[in-house]
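Before anything else, here's the structure in question.
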Amino acid sequence: MRDILEAVAAGDLSPAEAEAQLAGYATTDAGRFDAARESRRGLPEAILAEGKTPDETATLAVAAVETSGRALVTRASPAHAEAVADALPNCDIDRNARAKTIVACESDYEAPDIDATVGVVTGGTSDAEAAGEAAVVLEQMGVSVELLEDVGVAHLGRVLDHLDLLREVDVLIVAAGREGALPTVVAGLVDTPVIGLPISTGYGHGGNGEAALLGMIQSCTVLSVVNTDAGYIAGSQAGLIARAVAAARDE
Amino acid sequence: MRDILEAVAAGDLSPAEAEAQLAGYATTDAGRFDAARESRRGLPEAILAEGKTPDETATLAVAAVETSGRALVTRASPAHAEAVADALPNCDIDRNARAKTIVACESDYEAPDIDATVGVVTGGTSDAEAAGEAAVVLEQMGVSVELLEDVGVAHLGRVLDHLDLLREVDVLIVAAGREGALPTVVAGLVDTPVIGLPISTGYGHGGNGEAALLGMIQSCTVLSVVNTDAGYIAGSQAGLIARAVAAARDE
Amino acid sequence: MRDILEAVAAGDLSPAEAEAQLAGYATTDAGRFDAARESRRGLPEAILAEGKTPDETATLAVAAVETSGRALVTRASPAHAEAVADALPNCDIDRNARAKTIVACESDYEAPDIDATVGVVTGGTSDAEAAGEAAVVLEQMGVSVELLEDVGVAHLGRVLDHLDLLREVDVLIVAAGREGALPTVVAGLVDTPVIGLPISTGYGHGGNGEAALLGMIQSCTVLSVVNTDAGYIAGSQAGLIARAVAAARDE
Amino acid sequence: MRDILEAVAAGDLSPAEAEAQLAGYATTDAGRFDAARESRRGLPEAILAEGKTPDETATLAVAAVETSGRALVTRASPAHAEAVADALPNCDIDRNARAKTIVACESDYEAPDIDATVGVVTGGTSDAEAAGEAAVVLEQMGVSVELLEDVGVAHLGRVLDHLDLLREVDVLIVAAGREGALPTVVAGLVDTPVIGLPISTGYGHGGNGEAALLGMIQSCTVLSVVNTDAGYIAGSQAGLIARAVAAARDE
Amino acid sequence: MRDILEAVAAGDLSPAEAEAQLAGYATTDAGRFDAARESRRGLPEAILAEGKTPDETATLAVAAVETSGRALVTRASPAHAEAVADALPNCDIDRNARAKTIVACESDYEAPDIDATVGVVTGGTSDAEAAGEAAVVLEQMGVSVELLEDVGVAHLGRVLDHLDLLREVDVLIVAAGREGALPTVVAGLVDTPVIGLPISTGYGHGGNGEAALLGMIQSCTVLSVVNTDAGYIAGSQAGLIARAVAAARDE
Amino acid sequence: MRDILEAVAAGDLSPAEAEAQLAGYATTDAGRFDAARESRRGLPEAILAEGKTPDETATLAVAAVETSGRALVTRASPAHAEAVADALPNCDIDRNARAKTIVACESDYEAPDIDATVGVVTGGTSDAEAAGEAAVVLEQMGVSVELLEDVGVAHLGRVLDHLDLLREVDVLIVAAGREGALPTVVAGLVDTPVIGLPISTGYGHGGNGEAALLGMIQSCTVLSVVNTDAGYIAGSQAGLIARAVAAARDE
Amino acid sequence: MRDILEAVAAGDLSPAEAEAQLAGYATTDAGRFDAARESRRGLPEAILAEGKTPDETATLAVAAVETSGRALVTRASPAHAEAVADALPNCDIDRNARAKTIVACESDYEAPDIDATVGVVTGGTSDAEAAGEAAVVLEQMGVSVELLEDVGVAHLGRVLDHLDLLREVDVLIVAAGREGALPTVVAGLVDTPVIGLPISTGYGHGGNGEAALLGMIQSCTVLSVVNTDAGYIAGSQAGLIARAVAAARDE
Amino acid sequence: MRDILEAVAAGDLSPAEAEAQLAGYATTDAGRFDAARESRRGLPEAILAEGKTPDETATLAVAAVETSGRALVTRASPAHAEAVADALPNCDIDRNARAKTIVACESDYEAPDIDATVGVVTGGTSDAEAAGEAAVVLEQMGVSVELLEDVGVAHLGRVLDHLDLLREVDVLIVAAGREGALPTVVAGLVDTPVIGLPISTGYGHGGNGEAALLGMIQSCTVLSVVNTDAGYIAGSQAGLIARAVAAARDE
């Protein structure tokens, strides 16, 4: 601990980074940024912009960059994006408007790189946000992503056209709303592990993703699932598996 | 009414049949047999054996035969079948053990015959009972039935192998349990009207047919549905459509 | 494929229509327009305006017209309607304010015409939107529509006054909110196939169409149902049946 | 209190009746019999046999007879009936097998008599038990009962045939299972107060009386309801209303 | 019918009133006003302002006054009230801000008067709206109303202080939110018929009136219930009972 | 650890007790007995007989006695009780048939004794099992128990008669089924902490304790609750509070 | 009563305080302030600002101060706070922005002081509001509060670091959202009574606090729970226990 | 196909195996054995004994052995085990009574062997069946299994004692009932991918595994889940991941 404090005194270490190393989080006016999760599980800690003001989001993003060299913001509106960019003028800012994510990196941030690939499949346009969120998380973990969109179960031909891709990747995330049948169909065709990501489209009885979640959890093929719209969880879980595969490749 | 009563007096008409003509139902010790539904909608009135003793079932079957020349019993155990056969020694008895149905006809019963075909498709073994019940109802309405079994969505090839059949029939009933994806997949491949029949297989969250029903009602393809395990309703609804088609053929 | 590409090169075929023929959909800035569903099932592909901006809706409508000569937009606000009309100055625009639909046709669009009639029945004022959506879909399929409104079960006389109409059409869609008893009552009086369309009126326990859906699915008469407010699905399913009837008429 | 105790000492009052007068209940080996409810609300306290052994039921029936001159047992099997009859050899025993009720009266029991009539209407055979329970409670309160059975909404004519009766009684209990539409239909035709009694028939989604209860609570006509299968509550509530009407007649 | 038409021709009858007598409803730009319910069941037909614009509400109110001499509007905002008053300058307008009701009467409207009293009891401030709606409906039926407010079950003394009142009225409506225990407590103390009116207060699990409704439907005392916040239904049902009592008084 | 092993070797310590001290549990053929919970939280570890055979229950009871000098068995049938008594011939056996508990103690077992009192209140006969289970747990913790039975909310007088008792104890457990209003009523009258214990009586909608649990959790008075029928949890929680009070008394 | 009225006449007692002493509540334009709860149970009566205008809130706060010398407002926005401060210029105002509470005291208000401590533990930032509300209620009861924040179950080390504190307090409130595992983990480590406070964070299936509440109610350790976000109830219940402990300390 | 038929003719291939190679399944009197799943996804096809008679189970097991050299039976009672053993006298039979599985192998069956390890963790005794089912599936896929039992969250120390093991395996399955907190706690401590397996223990509200499933799906750590009690799915999914890891090891 003495080393850390002396580095702070010498200006070699920001107080935020020092606090993160000592306490596992950095304190800000907008709450705490939990820096420890990344070191604990190797997962990029995300700042959920939904429900936060642009200012609060930017404050946490600054703390994240100071602590770990990078900030990952999810469910961000354009206003959030603008505030983050203004607060981090020296960072490279990468905003994905469909996925509603922002990644801000210090110019010397060294991104990880993992020798594994995850396929992210969607059934339709409304699956793009959560699927994109999963893809961004994977990229931040250094995993290669193959994105395959709009192969809904109502157009079976599109699924069958991409069987090779579906079989070649190390893990598959399959996102689907409404009745959520796509992961079941895909998992019946491949021996790749499939993670079902239910999406809160649909309306009336069983809407809001309920039918999709139940359909995946009752699937007559082998799947595991995450909660509705949980793109961050799906991406992180696929990333943990991909990392295990990559580690085995490196043995 | 005078004619009816005179026919009873003359022994030309059984009291049960006379009551059915006058009141719309025949009274028995085991309850009433609703003879009027058949004349109202042309649907064979079924005696639901489940929850009735073999004796009560047989009593109602006798009333049905006296009234309309035929009895259709659903969800019948072997004990029900035996009691019905004993009570109707002069009838032809046709028991379908998988569908749990019994059809008892007087020897001179003239079955209807309709120039239309309904396809009945199942995803797996546990769909056989409800699907079979639907098929028997259809046959009693005089509709031709094409049965296509075990083409579950986990084995997509089996579905694709039978596309011609699926497209040639006038109406399709597609039964499926667990996540209930099969009707969605089938309806995406054909322009035949599809009736989804959810089956109460599955376990845990969304079990008992809940996931299957929700999945069909949220389907991203065009379907209408009936309640879980409602083979009689699915068959009758398909039969009403088939009859409309056949009537048009006959115009 | 060579033919298609040469037609594009010669200007005889728009790129959108060519893409639709080759890939099954037309790509736009606002997402994909799925042109293939119409050729697959003969159902008019609808653009759901709800949740889209007027601009996005107009962009997709243009793609639809380029691809198939017609655009059908559902759940459209006045702002959506204005944007669509502005974007398609050479089309005939038919807006149905109660049904919240827009139909835009090229002047030389040849509408289909089917020799079959569907009755669309409503219990009250609040059923008009979904029922109207169903009617518009049917009209776009070329099916004749008989609309019978405000014959709620609380005023039984109104139902009984129209029995002849209810019995003469080929298929019936019966929309009802609150307790959803109307399809049950109607189906007890006719031998026409009835599709129940539950409406999300009602409040408190079982509100939002839950009681109506459950009541139709548990009906003591023979019905099939679609999801709450699913006017497009009800209309399409009735249209598929009507087309089967009309085809039989033409044999 | 002294009077009561002296009457016990003199043998003019049984200990059970004395305890009931003093404490509001009679203690038995099988639990307490709550004698006070009758004096509090004028409602016959019922012994629910379901879940009790025949012996326990008989013990409580003896306490009831000692306390109030009468015992009313609901949901009683034949074994319960036999045990009650054995335990009360000097009572008149009236068992209603369909309603599963037993009424045991001392020979000198003076039944109440109220100048009011309640109509009890059922949609089908499976409504008979709960409706019969309601009817027996009403009879024990001295209310006249008009029973109208099997007028289900699928056979509308039967309802319309009995409009006069439905309008003449002071209160109506309308029992229905499945989709529970009958009370809605009846209440649309009369200005008599209607109490909806949902019955736990039906199966699949919304089964067990859920659809019937929701349908009645969402009714587009004016109704109040009781819980599923709650024949005792429906009868008691109708009885309280009938007594209020009769009291007004007597003013 | 000839008489009606001649009266219209002579200007003695408004077209709206003539239509109401002939068809059972008056047609307006804002939909139909169902005039027949009043003659069918003697219940004042209410115009539900919620979900309608002030203009639509005023249009229907005008039709109601033309048809029946009076308009009853429920769930009305100040803007609705203003529009109704502007549209009916010659009517007496009575707005109840807490109950959110408006009653507009022609100056020569003869209100009914019934010799019966209904007690309306509330547990707390948030029950006032629905309870007030019930009270206004009752007053429009000519029933006397005794309002007893804020006697929640958490302050049992307040209930006990008013036992005489609770016992003297002909019918009781008891409104309660949260756990909904008040009707149970009241019904245990009186022999007056009690209608439970659950209110959608409460939060978290079982909020929105769910716990209150379930608690009333499971009550260990005798009650019947209406849906959550259904003040109009509770008032109408109590009014039907009150009218039956008053009719008996008049015999 | 050496001490423990030497004591085993010398026969001064049973292997079970040694294992319990070292590992926190004793291993048996019927599973593990978790001895550590008692030392961790001072709560008597209970053996849940429901779902276990009499033999398994007895084996675990023997392990419990060897480990801690006492066994507490809950939800025990007579057969379980017999097996436990046979397996522990040298123990004092105390079976509470209503609470379905068995307590077996070595003759030299020193029961704890705590200077605090918990009141256990029930609304009716069916609350006796869970309430009794709570009482037995409390007694095993050395807490005094005041049992107050059958003071249901339908007979308010019985509650009011015992106000002094309700106010004098240190903590109250109030058990109630059906609508579960009793804890709300009691908590409105006292300043003693109240723990609501919902009971799975009731039927139809909200049955199985659902209405009781929701009613307690939504109570307009201050309560905390445990799960339905969770007598062991209610007793243990009240015991932890009572021990805190007693410890304060001893300071 | 005469004394009270004479004190009012003499100006020694405000009318509000007099009404509170006589009737148990003070009447204002914004509704009633229930002064009696404090004297009944010693719990500070809170004014729930949510759903009230700033003016209504201020009016009730004035009545509270007049009646009891203090006002406690919960779920208050800045606008509510400003209105309260303006209306009570002579009071000390203490606003807790995170807990959304306001406490206004007359300068001579004598706060209670209790010799007991409650620990309030949170899993994350979103638990702060309800936990803070609980803490403020406790402070107003005179109980000492130890606040321990952000010790979520995903960072187990933080929990283990504070075991001594968790074991030393008299009662624990443990707030947690999402899966709500924290109270289970804490209760497994201490013998202090634990009250679980589920928080309505989370999304998708089981969101809005449903999973947290179910998880606490099913906990494999001993807990009692309050409803989702019910900080006031959790604080009050812990305060009642703390007061019982303090009273024992004072014996 | 000719080769296959000639091999059958020559007796080198059983008809069942030939059918399996040609059609993907073997037909038996007890239904079809789906041999294709193994070749499709490399997952051992299991025969679910629950709901089948011992004879049916044995018939399918014989078909499985004839087709693939091995039969895997799940949820098997002792009677099922006996029937299978009798029907396959030449096979090695391995019955796991706790997991309720049977594995029957021909003596020359060559089991697969995969260089990867899966940890299977349980919280308590009642998790053993589903966890054991998962373990058996994994073993049949050739994956090494580390079983870690009874490390429930109520005894946190047991979890912490095994951190090394939890971190060393390639994938973790964590089974837990009641509140299901164990996977959340474990996933917070490791960077191994965790699959949550909810178990249907628990009672009352949220029982039957509902709380456990919701808790896992809402977990504040990264998890994917399978349905309640779905040991076969959890094992198969973990096996697919393990095989991907092992394949990477072999590259």
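The chains carry the letters A, B, C, D, E, F, G and H, assigned in the order they are written, with residues numbered from 1 in each.
What we mean here is this: contacts are C-beta pairs under 8 Å (C-beta built on N, C-alpha and C of every residue); 3 or more make two chains touch, one makes a residue touch a chain.
None of the values given here were measured: they were computed from a predicted structure.
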Shortest walk length in steps over touching chains, chain B through to chain H: 1
Most distant chain from chain G by Cα centroid: B
Which of F-G and D-F has more C-beta pairs touching across its chains: F-G
Pair from B-H, F-G or C-D with over half of its contact pairs in common with E-F: C-D
Centroid comparison with chain H (C-alpha atoms), farthest chain: E
Same or different residue numbers at the chain C/chain D copy interface, by half rule: same
Turn needed to bring chain E onto chain H - CA fit, degrees, nearest 5: 180
Chain A and chain H: spacing of chain centres that average the CA atoms, whole Å: 30
Separation of mean Cα positions, chain B and chain A [Å, integer]: 50
Centre distance in Å when chain B and chain D are each reduced to the mean of their C-alpha atoms: 38
Per-residue multi-chain contacts in chain F, two or more chains: 40, 154-155, 187-189, 204-206, 210, 213, 217-218, 221, 227
Pairs of chains in contact (touch as defined earlier), listed by label: A-B, A-C, A-G, A-H, B-C, B-D, B-H, C-D, C-E, D-E, D-F, E-F, E-G, F-G, F-H, G-H
Chain H-touching residues of chain G, taken from the complex the two chains share: 123-124, 152-156, 178-181, 184-185, 187-189, 202, 204-207, 210-212, 214-221
Chain H to chain A touching residues, read off their complex: 40-43, 116, 170-171, 187-193, 195, 213, 217-218, 221-227, 233-234, 236-237, 240-241, 243-246, 248-249, 251
Chain G residues within the chain E interface of the complex: 24-25, 31-32, 34, 36-37, 40, 198, 200, 209-210, 213, 227-230
Residues of chain C that touch chain E when the two form their complex: 125, 150, 154-155, 157-158, 203-206
